[in-house]
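Note that chain A is present in both complexes that follow, paired respectively with chain B and with chain C.
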Partner chain A sequence: MSPAAGFARTLRAEWTKFRTVRGWVLGTVVAALLVPLLAAVSAAGSHASCDRNGVETACPEPPLGPDGRAVHDKFFFVHRTLDGDGSITVRLTSMSGIITYPPPDHDEIVPGLVPWAKAGVIVKASMEPGSSYAAVMATGEHGVRMQHDYTGDVAGRPGGAPRWLRLTRAGETLTGYESADGRQWAEVAAVRLPDLPAEVEIGMFAASPGDLTVKQADLGGLIEQMRFTETTAVFDQVKVEGAAPGAWRHTDVSPTPGTNPGEVHHPGSAVESGGTFTVVGSGDIAPVGTDGGMAVELTLTGILFALVVVVVVAVLFVTAEYRRGLVRVTLAASPRRGRVLAAKALVIGGVVFAAGLAASAVAMPVGKHLLRGNGNHVLPVPALTEVRVIAGVAALLAVSAVLALALGTLFRRSAAAVVTALALILLPHVLATASVLPVELSLWLLRITPAAAFAVQQSIPEYPQVVDFYVPQGGYYPLPPWAGLGVLCCYAALALALAVVRLNRRDA
Partner chain B sequence: MNRALHAEWTKLRTVAGTGPLLLLAVVLTVAMGAALAATLTCPWGRCAQDSVKLTFSGLPVSQACVALLAVLAVGGEYGTGMIGTTLTAIPRRGRVLAAKAAVVAGLTAVAGTVAVLASALAGRLILPGRGYPALSLADGPTLRAAAGSVLYLALVALLGVGIAMAVRDPAASIAAVLGLLYLFPLLAHMVSDPGWHRVLWSLAPMNAGLAVQTTVNVASLPIPPWAGLGVLAAWSAAALLAGGLLLRARDAS
Partner chain C sequence: MEATIEVTGLRKRFGRTVALDGMTFRVPPGRVTGFVGPNGAGKSTTMRVILGLDAPDEGRALVGGVPYRSLEEPLTRVGALLDAGALQPSRTGRDHLLWLAHSQGLGAARVDEVIGLVGLGGTARRRAGGYSLGMRQRLGIAAALLGDPPVLMLDEPFNGLDPDGIVWIRGLLRSLAAEGRAVLVSSHLMSELEGTAGQLVVAGRGRVVADMGVAELIEAASHDRVTIRTTARSRAMETLAGAGATVAVTGGDTVTASGPPAERVVELLTGGGVPFSEVTAHRATLEEAYMELTRDAVEFRADGAGR
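Moving on to the complex of A and B:
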């Protein structure tokens, strides 16, 4: 008999064993049902509404950027319409600002710039919030940057104002330059904006993201507080080339509504006098993080519960053989023990992957629909990201099952194997996301333990150009999605290898 | 009853695993508590964190050892068929369960007392260096936290015995106990409505039970400290009741 045929027979034998034990099949079905069930329960218990002048209304949703993700698009804009190609050149002579009530005492307004306070020149597709743009800017602490379409960010040279900035448009291509003296120019970056129409808005802007402080809440949550900040930028030597006739127009893009109807909370402003422009703005032009809504993976929290059931089934899949003595028959029928374990791993991994895929593919759309129906803002992500989250979560369950199977083979004792598997996969994740540990320790747990695999469900990436509290509680993991899953795979492979060694050495 | 207790004590004493698990529980309690107490800070000059709760914060980890001990004390008998011999020797099944529960909980309470006293000592030594007052058991809320922590571990042991008696299979039982302890609190985080959040939070045996350790901002807890321990006690009682009824109703093998 060829080795392939031999393996096929072993595989078939293991599949038959699995599907004929009622408890295991039932366990897998229960695990799969738990995911959509808990998604529905969690969505049903989460309502969101906003108070507007004493009336409950739907909460305003952030605008969507060119790639469909939610974005912040709030700044003060001094602009003209540019038809076709052209450029803007300015000298940013100074940048100053205020930060309201910063820690420790929260009792005064201090002068200063937050690290990502921004001022510079921008070309924007339209005045519609969320529309395509490219900008060259000076920042509070991160030097000159060229940013575009909310997520793109290229660093120029360090340092702030005074600084000359230039942005040129040629078709779809926008090129940013900077200069210390207005004579020697250095290119920061060139980007392509495919969504840009012929007629665009070109001009100067100022923005300043809120100042974030975080403190631990009593029930294990976090209290994030954003404090208002403002940037004042002074421009002169303003020169626009290309077809841009008419006077400068002033627009407060996405102003925050005040308490009274028609009122604006902390409006921005611009003053022009003798070719000098003083622009005051707050807000940010940047992607929205998980604090701006609910990430889609929140609909899949049920996989933690499913994981417990899956681990038990996978462990019993091997330890039950030892308890009943069936393992002697199994090993007599296929004496190559490594092959038996490989077949078992393939069967349990395959079954769990299929069940997990079905479960999360149902849970995510159902959960999203219910959450939105209850007024929650679910952060939109590209379809491919959703597919990765769904498939990744199924893979997480499947590889965890293989790890549990290997541990069951190593220990032969079901309780010890279940506890070890849960302590390796589930416990670090629960501890790291429950804010009982210091943040640094939580991050290390999610790098080096099998719980790193939960990174595969993160749908909102971490942006270096946005100050946020990037912690596991907020849905941010220290490793990239597939790398995290890779850590779990390494553990599973190691445990399988040890199990094969043990299986070959020890009497059954 | 004395004979039943003696028998259970002999079984638990001679099973491999009891000693190491209890030792691990003590070590984990003290080590976790000391490690976290050593990371305490006074952010922005305010020492407002719950230093007592943090000193006893090894419990959420060490409770897993206690749960495993309890599950193995029951599940081990079903695995080896020893349960048949036990029930032949002592046909009153309620008595068997009572004796088992008493021995497991008693032994856990002893280990828990050692662990909590050692943690308190660690807190006494570490906290002054972090800007907090030295931990003293003469302080009312601190004593409540310490005594409550010992009771908490004993109640977790009872929960484990009850669930294992009902489920029998050691793998499934330990998963059920750990799931109840660690995953139930997640349900509270999965709903955002404040009312539901508080209800689920107060129903979770781990959250509610560990409320007894809180010494700062007690008024902001969804459930008062002793009432929280009462919630855990109710879970344990329900598990023991279910275990007892099933033990009475079912054939033992």
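Moving on to the complex of A and C:
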């Protein structure tokens, strides 16, 4: 008989074992039901509404970028319509700004630029917020950048104004250049914008994201503060090539409504005088982080409870055999012990993966629907990202079950194995996301413990070109999604290997 | 595959306790071999070693000439019942047999067959946690028979059985042996094996103290003791002692002589003109023979029976 056929028999026997104990099947079903149930309960209790001139209304939602993600698209734009190919060349002669009431005393408006204050030239598909664009710009502290479609960001040379900038459009290719003197040009990057129409808006812009600081709260936790900032950019030597007739138009893109109807809060502005343009703007052209709404994985918090149930079932799947001496019957029937453990791992892993997949595939759309119905803004993400979160969470539960099974085999005792598994997987995650530990320590816990796997549910990535408070409490994990899951897989593989060695060395 | 179990020079220690100390025996096909000895003699440990569950420090155990752990579909070669309590209480008896069957590539039809064979019937569809010890033994025996193996090994199968059950299992064991299978049955009570076992392996302190046929064993234990009932006690004693027998007074009109067999005693007394009313050749029971053999081997331990 081939080893594969032998393994298939052992696998079938272990599956029969699992499905014939009602408690284990029931436990798995309960674990699966907990996820959509808790999604519904927590969504039903989450309401959001905004006050508009004393009237309760639905909150405004951020525009969606070309890939469907929510984006910030707020800046001051001096522009013309360009038909077909063309280019814009400018000299950014100076860039300055203000930051309102920064720490420590919060008592004055100071001059200065935040690190990602932006000014430069841009080609944009339309004036519709969230439309496709490419821009080459100088920044407060990050040198020259070429950015496109909100998430794309390529670094040019360091340094700020004065600086020559050029952006050319040829079909769907946009190329950014920079120069210190207007003669020696260096390419920053070339990007493709496949959805760009023939007619685009081309021009100069200024934007300045809010100034973020974080301070320790008196009673643990952290307080985030965001302050208004503004950038003033001065351009001259402006030259547009291509079919861009007419005068320059000024548009405050996505202005913040003021208190009174028709009023704009902190409006931007532009002044043209003898070929010199002074553009004042605030806001940002960038992706929205988790502070801009609810991430889809917030509908899956029930997996924490499901995890506890799953760990208990997985541990019992093996320790129940030790408790009754049944393991001797098992090993007499299948003397290849590694094969038995592999079959057990595959059965519990497969069962939990299937249950977890069904649970999160139901919980996420139900939770999203209920949250949106209650006025909450759920941050949209690409469909593939949702699939990854759903499958990733199922994998997290499945691999956790395998780790728990291996620990059960190593300890041969239910309580010790359950406690160890939960202390390894759940505890670090709870500690890291509960604002009880220093941020650095939390991040390390989520890098080196099996709890790193929770990164697999992060749907909103961390963007280096956006200043945000990227901490576990905010739904940001230090490792990329699959790498985090990989850490858990390593722990499970190690525990399984130790369990096989122990099983082979010790008397049954 | 040859239907035998061969155990050669098994030694094993658990910490400071010597469990096996050179255990050696062979279980031939076609008969029931009783594996007897007091608790702690090493019977269960030997069986676990045969099944590849425990590793011996020295020696080896072969089933049909090969180590158990190298067998594919081992339950079709060796059927074993080690511990009738080794069950998941929430699983039904039938499901217990079903997963075992699946592990050997067998189907549900064979499961229902052995359920009928051991007389478990409808009980098989109830949770095993509610079974009496007797029903668990029947389930364990069903599991051992599942693969229709040529070698069977049962550890204390009589435990917890009612008299009907004991009669049933004795018949079952005899018929299994009659089909040419090698059957090894352990027990700490010799009386349970009387009339069933043809061969006896008597274990004590981790080794074999006797390995012989049941008839031989009883013969050896009887020591040719003869009891004589006579009114002429002193004359009988003189006559028998004169012929070289060891004689002892055991009652008002009885003496016991050991040495010459009963026929010789009758001859001597008749020849000497000694009157007697009864000459009884003493035959030891299996139990007595066993007690005598294991007298030195019994270990009294404060910590109980050990493993």
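We adopt the following convention: the second predicted complex is superposed on the first by the 499 of 508 C-alpha atoms of A that agree within 3 Å, B and C clash if a C-alpha of one lies under 4 Å from a C-alpha of the other, contacts with A are read in each partner's own complex, and residues count from 1 in each chain.
Keep this in mind: contacts are C-beta pairs under 8 Å (C-beta built on N, C-alpha and C of every residue); 3 or more make two chains touch, one makes a residue touch a chain.
What you are looking at is a predicted structure, and each value in this text was computed from that prediction instead of being measured.
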item: Touched partner set for A:Ala434, first chain B, second chain C, both or neither; value: first
item: Partner chain(s) touched by A:Ala48 [first = chain B, second = chain C, both, neither]; value: first
item: Partner chain(s) touched by A:Phe305 [first = chain B, second = chain C, both, neither]; value: first
item: Touching partner for A:Ser334 - first (chain B), second (chain C), both, neither; value: second
item: Chain B versus chain C as contact partner of A:Thr20, first or second or both or neither; value: second
item: Partner touching more residues of chain A, whether chain B or chain C; value: B
item: First, second, both or neither for A:Trp185, with chain B first and chain C second; value: neither
item: Which of chain B and chain C A:Arg324 touches, first, second, both or neither; value: second
item: Where chain A meets both chain C and chain B, residue numbers; value: none
item: In the complex, chain B residues that touch chain A; value: 36, 39, 43-46, 49, 57, 60-61, 64, 68, 71-72, 75, 79, 169-175, 178-179, 182-183, 185-187, 189-193, 196-197, 201, 217, 220-222
item: Chain C-touching residues of chain A, taken from the complex the two chains share; value: 1, 5-6, 9-10, 12-14, 16-17, 20-23, 320-321, 324-326, 328-336, 507-508
item: Residue ranges of chain C in contact with chain A within the complex; value: 48, 51-55, 68-75, 80, 82-83, 85-92, 95, 98-100, 102-105, 143
item: Chain B partner contacts - residues on chain A that touch it in the complex; value: 38, 41-42, 44-48, 103-104, 215-216, 218-219, 298, 301, 304-305, 308-309, 311-312, 315-316, 319, 323, 376, 413-415, 417-419, 422-423, 426-427, 430-431, 434, 436-438
